[in-house]
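Scrolling down, you'll hit the structures one after another.
Next, two complexes with subunit A in common: one pairs it with subunit B, the other with subunit C.
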Partner chain A sequence: MAKSIFIALREGALEGELAPALTIKDSVASPFGFQVFDHVLCQLFSSILAGKSPSRGLIVVSFSRSPSFYLELLKSKGISVASSDKRIQILDCYNDPLGWKDQLVESGNFRAPSHEALISSVVTVFREVKHMDKLFNSIIELGRGLVGGGKIRFSIAIDSVDEMLRRASVSSVARLLSNLRSHDQISSIFWLLHSDLHKARVTAVLEYLSSMVASLEPSHQLANGQRGDLENFSLIEHNSKKGKFHVRFKKRNGRVRMMSEEVHIEQSGINFTPLSSEGAINQGLVPKVQFNLQLSEKERIDKANVVLPFEHQGNGKPLQIYDGRRSLVDSKHVDAVENVETNEDGGRGEIIYYRDSDDEMPDSDEDPDDDLDI
Partner chain B sequence: MAVAKTRTSSFSRNLSTASPSLGPGLKCGPNGTVLLSSGIPDLDKILGGGFPLGSLVMVTEDAEAPHHMLLLRNFMAQGLVHSQPLLYASPARDPRGFLGTLPSPATSKDDKSRGPEPDQEKGLRIAWQYKKYFGENQLNFDGQRDGKHEYSSEFDLRKPLERHFINGQRVDCVGIQDSPDLSILRDRCATFLSQFPRNDGSISCAGRIAIQSFCAPQCAYSNMEWEMLSFIRSLKSMVRSSNSVAIITFPPSLLSPSFCKRWQHMADTLLSVKAIQDDDKELAQLLTGYQDMVGFLNVHKVARINTQVPVILEATTFSIKLQKRRYLVLECLNQAPVDGLSGTSYGTSGSCSSSSKTGNLDF
Partner chain C sequence: MNQRSSNLLDEALGLDQAIEPWPLRGRVVAIEDRVETSGSFVLHHLLKRSLSPNSSNVSIFIAFSQPFSHYDRVLRKLGCNLVSQRDNGRFFFFDMLKLQCPVGDEGITPGGGLIALYGKIHKTISALPEISQKNVSIIIDDLSLMEVAANGSSDYVLDFLHYCRTLTSEFDCSLITLNHEDIYSIEDGSTFLLQMAYLADILIKAEPLATGLAADVHGQLTVSNKGRNKASNFHFKVKENVVECFYPGRSRD
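On to the complex of A and B.
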């Protein structure tokens, strides 16, 4: 359940352990990653504010969205940032990631917009997103500035790892994330990933680096990606409001916990509900074996129509058995063939049993082949 | 448990001279090889005594579980207990920190009833053909009671290894995260292995190399697949001509499939660890003792040096359990009796992807 994620992120890392890391993974078929990210962020921040967590502050590294979005988001949830500016800091990698605006200001062609006081106290602009080690240092500095040095911990939310991967290599991003996880002062960390923007290896790397993977999948798979059918429109409509939320937890004892829920997107936010079991597993009384013991209707009819190739066909005609000797007269052989053909046209089958003798013992010493009428 | 029989065939090396004198922690194996312990007595039994000197052991990790660390810890601790020098390479920031998590050998006064007590046996009347298996167990059990120079120790994972084992000059750590290529690691391995040249005389000391998570994504060289493969090849050739054993663990999901196969072919001994899903009702019905299991260990290849005869194991999948949360034990999988009414057939076919839920059950 989504709750266990919040609890894990809130509890943070034990002494000597790597910080729990969550990857939120979505795709075009189920694009609710941002909503889930916002939800997790608000939950974590409110528990930090309420003092329920050993983490004393939250650093948001925003790549995909403007910092003011986050401030608005928190305000809309009723969390006032003004009184809590000692608990959250936003590292702004959105406004000027490569330092171009800075260069324009220097050359005199550009006047930087002035921000209100609140924003500038909470937001720090970062201009060198190509250099992961500088990003690492800035994050740590910001965190230390927020909670102080020593043993006090803080949490980190990374808006979207995709933006980081645009500008830096996979191994440097991986190094950043693993160094963050192993840093003493970091309590928990989570990030968002759009899985269809990358090769499978990149997704595998990020899953390797995280201790929880939350993936969003559509509730109904669209057939072959066709988007034109009327039928598919209703499915798309369905998928745009809800989806499936799967979580894989790597527990401390080495086991993997898998959980699934349904997620609904509404105006007010996002809702997690337990999975409605569609198609409960029906265990019949017949044990599942690898071959089919039942006959279908057609098979039953066909079975009834089979003419058994025994001597007694029950139609009174004399039979000949071709035993391989050339001395048989050809005409008689032809006769036998004709017999067989007419029998097959009959369309009905019978098994007629001629009891050889009433007092025959099944295991008699006589040679049973004696009963054949050749 | 397979009883190891030494096969004398035309493919085995004939030892005409008396066996050479061996240092602590080493014993003679079949076909003129010398073995050292993996640190896990059960694994030694499965592999026919231990790891042969000169072999390369590779362990494929499961990205979802840290069981390869258990294997590494026992391997390294066993080496330190026998004062066998150790080289440890890890992608972590501080590799030395891992040494603090190494376990200490369990003292014999700890109560761990693994085999039947000798007194009990008098009351038991065991059918004569089974006595030979019990006899082997007895020998091992008695062997534990000797001093610290026994070949293989049972390690208590809750007790950290005493400092004096680690602080000696015999432990060397290398951080592989920041190096742009593998030349530094290769040089360190070469210098380390030059301490144990192989000649036909007695072996006073053997070395151990442990490389953890070799293709971890945070390493700068992790996308240089051919370089990593050539490193493994050169390490294998260096190890082969020295008296040492190297163990490399790597997560196969981060490699392309063809390289994953190539790496696996490089190994003399190939093991893999797999995670177990928690609360898996199907597995719980299928296997007894499911609650205590923490993972699966598969033995894919067993090193065969100086012989052409392969080893065919009775079972290749074992469950990893922590007995009393302290001792690592490997057990054969025991299938629970299938309930005909419940309708589940026990033909869960294992698929080979490391992320599959059902895993690779290979009885």
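On to the complex of A and C.
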């Protein structure tokens, strides 16, 4: 399913259509947004490099992580940036977003670091993150520089929208994103959002702007407002390794499709697996005790096969409901019938009951309370 | 003994194996405490470890809450002399007790406020010899008082922290901050705490026990280490000159 995201981003926009946009949404309880973002970025970039996508370049707008991080990331995936610098450009809104360093240099209190020059062929520093119009122009300019003018398209990755929202109004951020989506040179766009930093309506605005929403949720919800006791802690530990991954696609015809997967975070990277059944999750959480609290798979099937006495059997035969008042002869007859049936469809379960001791009264029409003196 | 007792905290932070190179380099560590359980002992512990004699770490301490003499006394009890470390050029103390950011236009003048502080930190690090530049810890005590100094503008503090964070990627230094969890109301959405949680690679929470106050246990620490996808939880007891950390039910007295 994660695959269908990549396909949509890779295929990009058709002529006269808005570019597909993906919101990657996480929260503090399941903070794997960056890992998913990296994963999508690497997948998309390698298909751009391989020429499998109509998009000819990638612009990374980096707010919350340094450009060198992305260069290292691509290198670690075996993508050499030196040979692919015609395909990727990073707009650096990380190192000096507000121009403080510039101001300090001007006042003579600051020495610009020297090693920045090394990566400058790929990285462009942007210093006015408060101005969304200028940001838009810089992104488009950078993209044109990368792929040239005309009809050649490029893709955009933004980490993260939160930094933009902190410094500019929701409407101006929304305008920027929707202008980017409708620009005819943009093939696809995706961004990262930490949903709990904003009001629900802000998240909704961004979700409306996107054709796909990938949201990360913890596999176990923590009870809110509780102090961290040990029980909570085991959940936190559990959530620090995996989470639920829901994707909502909006199709061209307006249909909406939801899909879920499980995401595992490992030292080596990120893995998507089909959602395991609730039962399996619960099994892992039940504390280890000496007796069985849960049924094995076979026991569960056997239990499901038992036809309960009060259940309507509806197979044309007379109903045989034990009402506790049947004579001995009758019950023998019933037993015989039951046995035949059991042999017929082998898989059917039955209730076998052993009386624990003679102290236990057999079911009868004796009034158990008749010794009470009322 | 001294070494053993802090093992759990060191282990959770990855400080138990090698101290050189500094295991927290390039990391952001956020400590959150509550009024019942002060988390400053974690700060002192980290300061002590970073100034340990068999490493070449440098610490830059930005103090909004206490004067130098306070930290000097505390660290002396832990067996570390801040005055001599300062004279050796391994400990830089920025006294920000009286900092008041200029009002109006968020204090964006190179002359004052947090921009100037950032410039000072950057200058200090750049002036260090090449070898120590790689092992710098910037310690801030504490963020709530920094917000007060910034006239209550948490955005300005976040911007400052962002610039400090660019130092962690530029010089590979570490950023350690202390903040109070219970001073933010839920109505605000406690956005600042969440921002810190996203910013931090390692989040340390000092909380009282869920069951209330106890004589033998002063509180519990929860350390979530994002880089290693690990979380650990243990109890602690702050003693005169040492902090004991132990798993629940394992107190040694």
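Keep this in mind: the second predicted complex is superposed on the first by the 273 of 374 C-alpha atoms of A that agree within 3 Å, B and C clash if a C-alpha of one lies under 4 Å from a C-alpha of the other, contacts with A are read in each partner's own complex, and residues count from 1 in each chain.
We adopt the following convention: contacts are C-beta pairs under 8 Å (C-beta built on N, C-alpha and C of every residue); 3 or more make two chains touch, one makes a residue touch a chain.
Computed from a prediction, not measured in an experiment: that's the story for all the values here.
J.: After lining up the shared chain so the two structures overlap, which partner does A:Ser240 touch, if you call subunit B first and subunit C second: first, second, both or neither?
T.: Only subunit C; A:Ser240 stays clear of subunit B.
J.: Going by the contact rule set out at the top, does A:Glu297 touch subunit B (first), subunit C (second), both, or neither?
T.: A:Glu297 sits against neither subunit B nor subunit C.
J.: Now for A:Asp370: first (subunit B), second (subunit C), both, or neither, which partner does it touch?
T.: neither
J.: Which partner chains sit in contact with A:Pro97 here, subunit B, subunit C, both or neither? Use first/second/both/neither.
T.: In the superposition, A:Pro97 contacts subunit C only.
J.: Please work out whether A:Pro31 is in contact with subunit B alone, subunit C alone, both, or neither, and reply first, second, both or neither.
T.: Second partner only, subunit C.
J.: Residues of subunit A that sit at the subunit B interface in one complex and at the subunit C interface in the other, please.
T.: none
J.: Of all residues in subunit B, which touch subunit A in the complex?
T.: On the subunit B side, the touching residues are 63-67, 91-93, 177, 216-220, 222-223, 251, 253-254, 256, 275-279, 294-295, 340-345, 347, 357.
J.: Would you tell me which residues of subunit C are touching subunit A in their complex?
T.: Touch residues, subunit C against subunit A: 108, 110-111, 115-116, 118-119, 122-123, 126, 155, 158-159, 162-163, 166, 169-170, 189, 191, 194-195, 197-198, 205, 207-211, 220, 222, 224, 226, 228-231, 233, 248.
J.: Under the touch definition given earlier, write down the residues of subunit A that touch subunit C in their complex.
T.: Touching subunit C: residues 28, 31, 64-66, 68-69, 94-98, 100-101, 103-104, 106-107, 109-111, 113, 162, 166-167, 194, 196-197, 199, 226-230, 233, 236-237, 240-241, 265-267 of subunit A.
J.: State the interface residues of subunit A toward subunit B in the complex, per the touch definition above.
T.: Those in contact with subunit B are residues 169-172, 174-175, 177-179, 182, 201, 204-205, 207-209, 248-251, 253-258, 283-290.
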